[in-house]
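Chain nomenclature is as follows: A, B, C and D, assigned in order of appearance, with residue numbering initiated at 1 for each chain independently.
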Amino acid sequence: MTTRSGRHFLQIPGPTSVPDRVLRATAQPTIDHRGAEFAELTLDLLQRLGPVFGTGGPVVVYPSSGTGAWEAALVNTLSPGDRVLAFETGHFAGLWRAMAERLGLEVDFVPGDWRRGVDPRAVTERLAEDRTHSIAAVMVVHNETSTGVTSRVPEIRDAIDEAGHPALFLVDTISSLGSIDYRHDEWGADVTVACSQKGLMLPPGLGFNAVSAKALAASARARLPRSYWDWTPVLEANERGFYPYTPPTNLLFGLREALRMLDEEGLANVFARHRRHARATRAAVNGWGLEVLCADEREYSASLTAVLLGEEHDADKVRQIILDRFDMSLGTGLSRLAGRVFRIGHLGHFNDLTLAGTLAGVQMGLQLAGVDIDPAGLNAALDLLRAE
Amino acid sequence: MTTRSGRHFLQIPGPTSVPDRVLRATAQPTIDHRGAEFAELTLDLLQRLGPVFGTGGPVVVYPSSGTGAWEAALVNTLSPGDRVLAFETGHFAGLWRAMAERLGLEVDFVPGDWRRGVDPRAVTERLAEDRTHSIAAVMVVHNETSTGVTSRVPEIRDAIDEAGHPALFLVDTISSLGSIDYRHDEWGADVTVACSQKGLMLPPGLGFNAVSAKALAASARARLPRSYWDWTPVLEANERGFYPYTPPTNLLFGLREALRMLDEEGLANVFARHRRHARATRAAVNGWGLEVLCADEREYSASLTAVLLGEEHDADKVRQIILDRFDMSLGTGLSRLAGRVFRIGHLGHFNDLTLAGTLAGVQMGLQLAGVDIDPAGLNAALDLLRAE
Amino acid sequence: MTTRSGRHFLQIPGPTSVPDRVLRATAQPTIDHRGAEFAELTLDLLQRLGPVFGTGGPVVVYPSSGTGAWEAALVNTLSPGDRVLAFETGHFAGLWRAMAERLGLEVDFVPGDWRRGVDPRAVTERLAEDRTHSIAAVMVVHNETSTGVTSRVPEIRDAIDEAGHPALFLVDTISSLGSIDYRHDEWGADVTVACSQKGLMLPPGLGFNAVSAKALAASARARLPRSYWDWTPVLEANERGFYPYTPPTNLLFGLREALRMLDEEGLANVFARHRRHARATRAAVNGWGLEVLCADEREYSASLTAVLLGEEHDADKVRQIILDRFDMSLGTGLSRLAGRVFRIGHLGHFNDLTLAGTLAGVQMGLQLAGVDIDPAGLNAALDLLRAE
Amino acid sequence: MTTRSGRHFLQIPGPTSVPDRVLRATAQPTIDHRGAEFAELTLDLLQRLGPVFGTGGPVVVYPSSGTGAWEAALVNTLSPGDRVLAFETGHFAGLWRAMAERLGLEVDFVPGDWRRGVDPRAVTERLAEDRTHSIAAVMVVHNETSTGVTSRVPEIRDAIDEAGHPALFLVDTISSLGSIDYRHDEWGADVTVACSQKGLMLPPGLGFNAVSAKALAASARARLPRSYWDWTPVLEANERGFYPYTPPTNLLFGLREALRMLDEEGLANVFARHRRHARATRAAVNGWGLEVLCADEREYSASLTAVLLGEEHDADKVRQIILDRFDMSLGTGLSRLAGRVFRIGHLGHFNDLTLAGTLAGVQMGLQLAGVDIDPAGLNAALDLLRAE
């Protein structure tokens, strides 16, 4: 059977399935971005965004992808030639590093094996070595979307503090925000980078920077050229509910609806739901006799799981079979993981039965691809869902 | 966990999950129902509807539920006091009979055990006894939505012919049309009754009568009072693409989109898909060690499956647990089946992974309700989905 | 210029332009019509509907057009051969009469000139003549959609009372409800007939009967065959928030939103808005030197205006020019008014500038059709809109 | 009357009213941006975009506002300290200049009076003076959204050529693309900057750069830091239908629908429609006895009209009255024009009757604000619409 019916299972680790009510919200007629109704929308949004980032400070919203929000974090805080400390946790950490280099920064890139998060001890060591405080910023990806590994941000913060180093702390929460507990203020992040199409359950098109007072002070001195990404005019215009250039109104309509949904469910419940679905997914993976890529159980991602296949199998072939036969999209293995892993997104607008359908599709796809698995995997996941 | 996230699983045997593109189609601005654009819409729809009913004759579309289309079938063809032959195949056959009586018809109601369809031999017998041809019509429910039993309409047609009886043949295809093979012309149906919210993948609000030449001739003589349901003015107005009263324009927009989808998939594929999902569902039920209500394998429904529980269990309690824990709606046991069965809808816009999620939910719900089942049931279904 | 861009102007007297937010509401996923969420919806709707009809009694909602609600009013209250008193106020009064006759009632049809509403004195006279009280019901169209004439329902009520006649009072509010002040209880209506696609700002597909205690009592004795339209099972099921057959869920979603909108604006404001727009429309018509069809200023309709052309002009040609050149639909002249009038709908979701655009289109169309008008008409309307 | 009903008139010069079918298109479920279906979408879009820009070369689409596309044009082609030639045609020309300066460019800014476009002779003069060819680029705003003045781009091209100067030619078509004839290739533009929310009839959130071969060559040498805006990875990924970072999928769905609409109407018809509506608007302004801001009839904008008020009136007060009384948004006077002008957008998804409603609202608002106008203005516009 290959005819297509029913809803596509979009189980990549983002973009995630946008809730119907959010889609409908984005389809409202566009309004005057200089009018009172728009101002009310902005002010409401800015108030609702803070708690999601765990901050009482400002959150800058861009018409951009998450990549744009990465760039904004760098150009607002750094100057040409600045040294930054970054960590090879996976594909996206590498892309962010490459961006930093293209923008004229010098990156100390701590190597990694793509199965672990940032090692807090390495942070302390590197920063302690930097007696002159020439490192201007530490760049960390909270949840590596390419590997399903969640770095322990509070411990990294402690590590920076232990080194007594004044570097800015820049954190990418692209695939964690709204899915995994995150606290900008409490954890002392200076810029938190996020986007719309993952835990925030929106279509792509919005980038975010949560900004600490320290980051704001740094921006006054930072000399990388910036205009579009410049926080200052945004923050000024935001005070009255406006933006310095035409904002992406309809995505903002959707954002309001998505933030209402997070609020209705309660952030703590949202996080617990993601953790539970991640546990169920790992129960399935283990039940199948396969390996989760993430090697440290303290760092299991709650929003996605990368599954490692033996060398004799091509993960992309598995994915293709699953797409063709069961109309489900899974995440591919990126760069050095190509063909080795596939990634299951279990984040955003999601529930037990959709997870069950997802894991059933993976199980059948693995079998069809000739991967020798124990079909008890799915039931192991269901046992967990039933019990917890 | 009881917070609600993700998409509700609407697995009652109708209304079914309306495809997103159909919902969007219904949300188009309403147009002038006397204008050229509307006429084009109607003419296109009427042309597309024929093949779905398997007819080259007219199909009358009503702003109504399926119940209204039942009434239309009766008042257009019969006169006060007419005798009709009907069969106790389940709850809905009983409701149709009660309607006939309320409208002033005399119903010969052949008793049944709610686990089997219409027995073609009983049809021949009853009609053969009716030497004076006082029976004006035979009323049959093709697919009993309350039991998951599909009567063998072609054999019933043969039975009528064998008796050499001129009675009209009225067939309810409410939960079969667009899901289970049906052929109005080839099977000699005179009026085929249908509605929008099942295999046609629309919201409720449209009723249908496919009408044979014989039925049309009968309508000229029929004396039950009728106005709203009268075929004649509809058929006249339809010729130019209009309706005698304001048609439900937005549901018709949706109907066009839904008919396009059936056409894209191909009716034969649609029917095969439903049969395959029904087989997989029965594989799960049998795997669990439970019983399918339908007692005759020739009559298994492809659009829904009623699952029979032992006397010690309350099927509605199982349903409630599944709704509360897994946000899935299942069909309840109706009248004499109350508490004895629950019904799984696997019709309309549906696919393998949604079925897998559905069966996973049922499996977990049964376990949580303390029904002693073998959890191998789900994997039995997956084995079938994988293999076929 | 004939290419089409921008929004169509749907200025027929219904279906009216459905507000975007109502369309979006109708596009929500269909839910289980036997579940708790649906019950909540129904109970909320039934509570909100009362005030719109001006009743504390029940309102029955049908999946049907307004024509269906006409039939429901008759079959629930009357018996074969019953006499009813009706009035030739226009095309729709004639259609309702024809329906009554088809259903087996005997109609006393008081002739009229299609430019006036029901004459209350004629009501008194006719009923006073009926010493034996053989007239079972008085049927009145509140707002004749074919003529733009609003009968004075309170005065008709008084006329019935003056005659001391016990006839039921059946009122069609199809193009008045939600646009023109109407009070089921206060005005002693027994059945009020309405539909969704006019002042209620919904797509077509819902019919309504508001039912008095007297009508309900009559229904216990009424012997016209009825099943689909029977109030009793609906009222019984409504008590717990359900319907005896599958309700048109998505239109009910839209109804909730539309009722919220009426509530937000306030019914008194809604009625005042319609009256003001009607006055502005008549100011334009008079300014053009044309005649409003309605001959009695006490009976001017607030929801539509029929404009009478001289014999030398074909109103349908004017309409066609306006449709072709300005993408606006107007109402045609029906039956005896064919070619003599066109009708401007100014009801539902509507505002000053849409009215201005509408009147501008009519003015240009009249000129293009060679009708000799004074172009001061439009400005006369604007003067009124500006002043009031 | 101040209660709000009916559709808001969004007559600012962008964002414009998004067609219903485009809004519905944006509300489709988000898809995998690395899958085959997405690739097909991109390749289709890129093919359809070329003709709208009048180019056979590449068009880069960004998740950004138009401001982002400005920045992209600069950072891809220029190096720190480069000289660029720009012209003070209005508020937005000034903002683009300020951006250039913030990014480290040196701007020769030719002063202007905000009532005229770029003077082609000034272009020749300035470039002729630049013997060393130190000017790297000429920056021109095709249609000044703040003034309603359309610079004559072909003549400016000729002026550059006449000076024999190799400068790149960067053109902002933010409020002209899809509304006013524009030809990237034929007119020798090197980078054409555009966005989604004006003539393209989309919500805000997409920025565009059409890129000439010369611009592409320049980008290889340009040394302004760039990453997000870098054309190269986009063009590379575009070849197979992808993007280097998550694209704004749902806006791209809308873009496809909007491009289909432009195609259905025909670009030449679209341009003619805008010119005709602009003429009608100016007929109204002149009829009122008011002045159009644009001082050169060769430069009248077809997409918006700025209306100049006498010193004794506050244009923002007029706008506020119109918003409050008639629910219509107009464009404000920006910076030096604050309070002096209001701007009427007549672009995008628009038609005669919406224009008539718009002008009626302006006329009434002017009168209510006490501006002494001749109410013949509206009829003058209608005369033109009727005649042409």
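The working rule: contacts are C-beta pairs under 8 Å (C-beta built on N, C-alpha and C of every residue); 3 or more make two chains touch, one makes a residue touch a chain.
Bear in mind that the values here come from a model prediction, so they are computed numbers and not experimental data.
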**Prompt:** Given the two chain pairs A-D and B-D, which is bridged by the higher number of C-beta pairs in contact?
**Reply:** A-D
**Item:** From chain D, the most remote chain by mean C-alpha position
**Value:** B
**Request:** Averaging only over C-alpha atoms, locate the centres of chain A and chain B and give their separation in whole Å.
**Result:** 45
**Asked** Using CA atom averages as chain centres, what separation in Å is found between chain B and chain D?
**Response** 54
**Complete:** So, in whole Å, the Cα centroid of chain A is separated from that of chain D by 34
**Complete:** For chain B, residue numbers touching 2 or more other chains are 7, 17, 20, 24, 27-29
**Item:** chain C residues touching chain B - in the complex, by the definition given at the top
**Value:** 7-8, 10, 12, 14-18, 23-24, 26-35, 63-68, 70-71, 80, 99, 102-104, 195, 197, 203-205, 224-228, 230, 244-251, 323, 329, 332
**Message:** Could you list, by residue number, the parts of chain A that touch chain B in their complex?
**Reply:** 1, 3-7, 9, 17, 20, 265-266, 269-270, 272-273, 276, 325-328, 349-358, 360-361, 363-364, 367-368, 375, 378-379, 382, 385-386, 388
**Message:** Going by the contact rule set out above, which residues of chain A touch chain C in the complex?
**Reply:** 20-21, 24, 27-29
